[in-house]
């Protein structure tokens, strides 16, 4: 936890976008040097009292002094953020949380990464890292339409095997990425699954993973007040030694394994 | 009053700035066609709930379908505004209030316009108008330093006789513009005075005007909730038939004559 | 066609969107911007029996997502209103509501009594947040007994239905609302502004000449909504939600919580077309969500 | 050198800036960002005697310039606090204040009694806004008698000075503050959060699993400041101002109004360095305005 840093001057060195999806490259040397796949940063989107809270974004990739974030414009904070331009500074805190963990045997095993929509964000960094240890993860990447899978080429360019699906069939497999994945299970014998995306998607993957006995990890989302363990706002129900507990996902997550997550309807 | 218009798409066609002073040209044909010197517009500086209220700005000039505003960055609203760029739209309401009124004899008389700092804003439009009826108003323009009198050239280019002062003496007369004006009274016999600027400046001019029996008009400022008479927030103490009253300066002003204004310490 | 009308029993409104008192002038100030006939109704600026000078300036302070005002209910008094304003309002086909003020209980009654004889007023809304000069500046809205007492008196003289507008500056809003209902109020509107303050750290003076003022705007919406939610559970008269409504979403929150109508206040300053936009956007929401009658949304909060 | 220290009589603080309970974790969460020794002090998260699970999520809703929370006082309980946390806090040279909670009056006393034996706590702040399960969920802070009663009981057992933290959800904050003072409270802090709500118009459900939560942040500052202003006029014990403080200017407003210290809450989430920045900027303000001692600003409102 003591490796967390506030960097008020993370310089935007590059910006790309596809419709509502944005990719920012930020120069933030210390955060870059400490980041692990699955960790995230908290971004101050405005210096004004509205919008008030920072926004969490996964670390999408790391290279040298730089990190990338990949986000979807979906509300007031991400809209303001999308207006930033190369040369602007961003006020960020990171790296936060606990990331993905893979086994020593990853190198020789089938590993599958499954991302839905903007849920692809942390998986690129994970793929980078796995690649660097000699593994060759297979990527499953789904979206509503072909506009929602803008990072397909990026994965391909790095030589990753990638399977895409779109709900409307405008590209790749027609249907849900989970069905696309299930479909491929005839050819694959994954030994590890890592997933990030909408809850129903992750729940479906969880069910497959449990049925097939494949270890799986999931990156969860929750409204975050602080991102560093101070507000107790971001909890999810997690299994602990004592039963289940409301656990702060900004500290103990956002990544949890199949065995830890209590999948249920949103508590009311 | 029924000539007021809300134009949510006033296009910024040109932007200039000198340090903290900004000049925007806005295409807003109907407001341009109706505007009179001394009137103002209310500008929505953000579509978010903060900053909440519109900001009032004098109409600085009119030309064809366009109006100009000239403002000083001095708080959160003007800062946000200053970030707008050519091609952006502004949401404005105008023309608002009652402007300056000059006599039929203006053509042949000495007329003096006195502006302090950003108070120069409405006086350019007035000078334009007086010029178009054949008058040759003399301009007095003061600021703290020479950075605060960026419009000097603009007036000169149009052939206006202009007297400048700076508090620090970095340009023109050293001292207050009111002293500069008093100084020139040996050469001038103004028949009308129009002034806009900080209250102490206007009060000093008022005193000279009354002493010399010169009709004078002043453009006042006040925090405005709406700008169009609905909130009763913008009142100043004004002499009426019945005595004095809190009068809405957005409707009955912002321009008032020497005889109407009750000059006193800010009521508490 | 979606039916946006809401029925209060004693009056049927075209739609549930009204303009709030003190933020809509006498209505006519908004005619350059919108067709007043399209509103559910509007509430004119608070009227005392006599004209009132109001507070000295500074009367307004902007705060984060809010506005503090201390206008001091400057106004022309009820006679001038009847002479100069009411004739202009009579041509509009919408609910015209007069916000009734008083320094004493008797003044409320006098205003209502006077207006009873005038055509063109649909309803009274009694503003029980006016400081009572006799009672040391306390306002009736902060106490169940004085609430009961004013409402009861006004109901006795009133020839028209009466809405009681509550103050949020209380420990238990339900208790006050119940008092108003018991006293015969035909409806409740809430909330009025929250007592607030701002200080200029350079001069070390209060920013408002009056020191204290009332906070309105988006900042207060979560508080106002909570109060409406609490009150509707206990009342059987209609409730009108007010506080920080800027968009259809805000208005819908109040309707879903159980308000039968809403009033839009500060938003009118920011966008004089706000009321109409909200009506249009509520219509669009209904279309998207296949809701035929706005009444089908009211009080449908799913807890 | 400007003297930023403030003297409460029973304790002297390095400077008037404290971190508010529930927004500063147990303090250590902020050690990556700031040197805790530089604070006037900090208040740890509310502690009940027993551990508490807290509310289900969604626990937070962002609102215009505000934040609604319904954490439900999830916490580790006083024993674990004494075992795991307190030893880590003892090394800091700053006022460490424990925010004391209870479902019953007795629980407050139990927490205090337990902590009396532990080193490293400077003061207690009793959070009388906890819903009292016995009394149907009402909190002591909303009633002068229950306020008196809790404070009195805690004062009887307490070996340390006691701050009573008031709720703003009342008609008359002065009445409650006076009760706390009479009951022997050594200081008052105000305000806690404002009861609030938000609704998701798509699902038509409350956004918070708990339906209601507490509003904090810049939105409430004008209301909190008003309450502090009202209270200081009537009390002779020190008052700590809380509510929406983000900058030195905000803090100074409270000090000028008469608060002897302030607590910074929600701002800690937005900027974990907020407290230190505020201290630095207050220092700068004093330099610019030639003020040698911060005490010379307190209560200097010029009305």
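Going in written order, the chains are labelled A, B, C and D, and every chain counts its residues from 1.
Convention: a contact is a pair of C-beta atoms (placed from the backbone, for glycine too) under 8 Å apart; a residue touches a chain by one contact, two chains touch by 3 or more.
In this text, all values refer to a predicted model and were calculated from it rather than measured experimentally.
Colleague: Which chain pair shares more contacting C-beta pairs: B-C, or B-D?
Modeller: B-C
Colleague: Averaging each chain's C-alpha atoms to get its centre, pick out the one most distant from chain D.
Modeller: Taking each chain's C-alpha mean as its centre, the farthest from chain D is B.
Colleague: If you average the Cα atoms of chain A and of chain D to get two centres, how far apart are those centres in Å?
Modeller: The mean C-alpha positions of chain A and chain D differ by 36 Å.
Colleague: Just the number, please: Cα centre separation of chain B and chain D in whole Å.
Modeller: From the centre of chain B to the centre of chain D is 47 Å.
Colleague: Can you compute the centre-to-centre distance for chain C and chain D, using the mean CA position of each chain? Integer Å is fine.
Modeller: 34
Colleague: So which stretches of chain D touch two or more other chains?
Modeller: Only 61, 64-66, 205, 217-219, 303 qualify.
Colleague: Multi-chain contacts only, two chains or more: what residues does chain A have there?
Modeller: Expected reply: 49-51, 268.
Colleague: Viewed as a graph of touching chains, is the assembly arranged as a line, ring, star, complete set, or other?
Modeller: Contact map by chain: complete.
Colleague: Quick check on the complex: what are the chain D residues that touch chain C?
Modeller: Of all residues in chain D, those touching chain C are 61, 63-66, 68, 142-143, 169-172, 194-199, 201, 203-206, 211-212, 215, 217-223, 225-226, 229, 244, 249, 252-253, 256-257, 285, 297, 300-303.
Colleague: Going by the contact rule set out above, which residues of chain A touch chain C in the complex?
Modeller: 49-50, 268
Colleague: Using the touch definition from the top, list the residues of chain C that touch chain A in their complex.
Modeller: Of all residues in chain C, those touching chain A are 64-65, 303.
Colleague: In the complex of these two chains, what residues of chain B are touching chain C?
Modeller: 1-6, 44, 49-54, 93, 222-226, 228-237, 245-246, 266-268
Colleague: Mind pulling up the chain C residues that touch chain B in the complex?
Modeller: So the residues of chain C touching chain B come out as 22-25, 29-33, 45, 53-54, 56-62, 64-67, 69, 71, 74, 205, 209, 217-219, 246, 266, 268-273.
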